Amino acid sequence: MTMDTTARPPRIAVCGAGTDAPEVNALAERVGREIASAGGVLICGGLGGVMEAAARGAASAGGLTVGVLPGTSARDANRWITLPLPTGMGEGRNVLVVRFADAVIAIGGEWGTLSEVALARKIGIPVVLLAPTLTRGLGLEEADTAEDAVRRALAAAKSR
Amino acid sequence: MTMDTTARPPRIAVCGAGTDAPEVNALAERVGREIASAGGVLICGGLGGVMEAAARGAASAGGLTVGVLPGTSARDANRWITLPLPTGMGEGRNVLVVRFADAVIAIGGEWGTLSEVALARKIGIPVVLLAPTLTRGLGLEEADTAEDAVRRALAAAKSR
Amino acid sequence: MTMDTTARPPRIAVCGAGTDAPEVNALAERVGREIASAGGVLICGGLGGVMEAAARGAASAGGLTVGVLPGTSARDANRWITLPLPTGMGEGRNVLVVRFADAVIAIGGEWGTLSEVALARKIGIPVVLLAPTLTRGLGLEEADTAEDAVRRALAAAKSR
Amino acid sequence: MTMDTTARPPRIAVCGAGTDAPEVNALAERVGREIASAGGVLICGGLGGVMEAAARGAASAGGLTVGVLPGTSARDANRWITLPLPTGMGEGRNVLVVRFADAVIAIGGEWGTLSEVALARKIGIPVVLLAPTLTRGLGLEEADTAEDAVRRALAAAKSR
């Protein structure tokens, strides 16, 4: 049995705030569902807010959900995470969230999300913005809808 | 849909040298197959030798195989890795291999494996040795066979 | 002999691009000199451009200069670095540049600098901007001159 | 002013347990004093036990003492540390303790020390043992006295 490595599922990171913001989190849930429906793996920070909503969406479509956690306990992961990865690196884990992915979708977001977007651009991982806040005005590609964001991210992932 | 987080698949790290050592690698392949057969996720360093043999075994049993890579490219992963995770941290990724796991099985091994065993003990991740070399003489639990190693690792993972 | 730990020298990180930009680098050199003249330790990424100019300024005033390097070799450090610290973590070292500091001065800068500014804000390290580019428009404190930037950074460092 | 980078002070890491073991810690204090007397910089984990004793020795001889801390606060450093470096990486900082050094002296020690010795060997940093415990039996160079350990470490650092 040989796996065609070009056939590995695309890994898409979804970044966003850990806060309870219904509209942004609804977008994140749709993004997660689309990633899983397209056969992708969801990478995220594993906690609440956008991370939890995206994982819920992906899990509802039967997808694999990876939580790259800042702390040392797998129990910190939200309940939609299949594969919790406790890094013990605090916010230093942000670079891993983006390195682990073929493309990044940043939804809304604050300082943590901005750091992930900047790190992704620095190391050459494609970024798509959705409903940008702090990340607006940086000249990055912006999607109109959750579906558009996932389509753009998958296209960028494929062309790497 | 709510996932019972206690039902998450156990994550078992397999550590060992990246070299071509037929007997040790045959053990690693059996360990990988047993982990997957028991419904576990294989975590490893993603490269050759014991890492590749364990991933091949797990993949042959339909399991999820995670490669925690030292470099920055997913292409460094051996072909049996489903989920390549390029850390860009060099040997600093060794602490992630063990942190990501519920229990560690060290097969043979040299300095890198010894560092993973020592880090696991330091942070409280259970370790089982199989065919130990540098790791012998440290007072750690030792398994007789590949099957025994996996049974012990799964039991230790469950009791955490 | 007991050291009064409140008397430890303040550690000020200077972040900026590794490129050859004469005006920005002249600012960085003055910032470095001011930090050392005030008894501070310069933390930077250890490479060229703003990092090298700041280190040259600090070294010319007899200060300690720390280079938090992305690679694995101390030889990567510019020649004004007294204490090269090769992390082997690539861009993942950016979080260390800011964590190691009591306050951060960001001069000009591109994606790497933006990631350091965002990480600093996320983890609560004070940030002062000087001649901001990508970092403009984020609502952060902005200094008028090199001297002003160092005065603000030292005041912020003291009040932590 | 040009610094001859070959004239940078050698950076010697001292690793050992964070526990209160009078004999071992007395050795560590002598090692720290010798490093500083020879113009070297002491790198250590910044906490108690061997780390504190080595830092006290180095500080008593006027040396620079660097504490590579697991936590996020500089306040965790023992009072003999001049330059506290909070990594926020937990035990993941062990790889940085050794990477930051030209050579490593391991005094006594438990799992954490063993991990540092193994990581150092894996990445090619010279190691000298003094009063080894868990690190015994690995075929590594062993010094007879504190002075001998520092002499060997400085020689190894120079020849890199």
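Note that the chains are named A, B, C and D in the order they appear, and that numbering of residues resets to 1 at the start of each chain.
Here, contacts are C-beta pairs under 8 Å (C-beta built on N, C-alpha and C of every residue); 3 or more make two chains touch, one makes a residue touch a chain.
Please read all numbers here as calculations on a predicted model, not as lab measurements.
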item	value
Relative to chain D, chain with the most remote C-alpha centre	A
Pair sharing more residue contacts (C-beta pairs) when B-D is set against A-D	B-D
Classification of the chain C:chain D interface as same or different, half of numbers criterion	same
Inter-chain centre distance, chain C versus chain D - centres from mean C-alpha coordinates, in Å	26
Computed distance of Cα centres, chain D from chain B, in Å	30
For chain A paired with chain D, centre-to-centre distance based on mean C-alpha positions, whole Å	39
Contacts with two or more other chains, residues of chain B listed in rising order	72, 87-92, 95-96, 99, 123
Chain C to chain B touching residues, read off their complex	72, 87-92
Parts of chain C lying in touch with chain A, wherever the complex brings them together	89-92, 94-96, 99, 110-112, 114-115, 118-119, 121-123, 134, 137-138
Contact set on chain A toward chain B in their complex	1-3, 5, 8-9, 11, 41, 59-60, 64, 66, 72, 74-75, 77, 79-80, 82-88, 95-96, 99-100, 102, 123
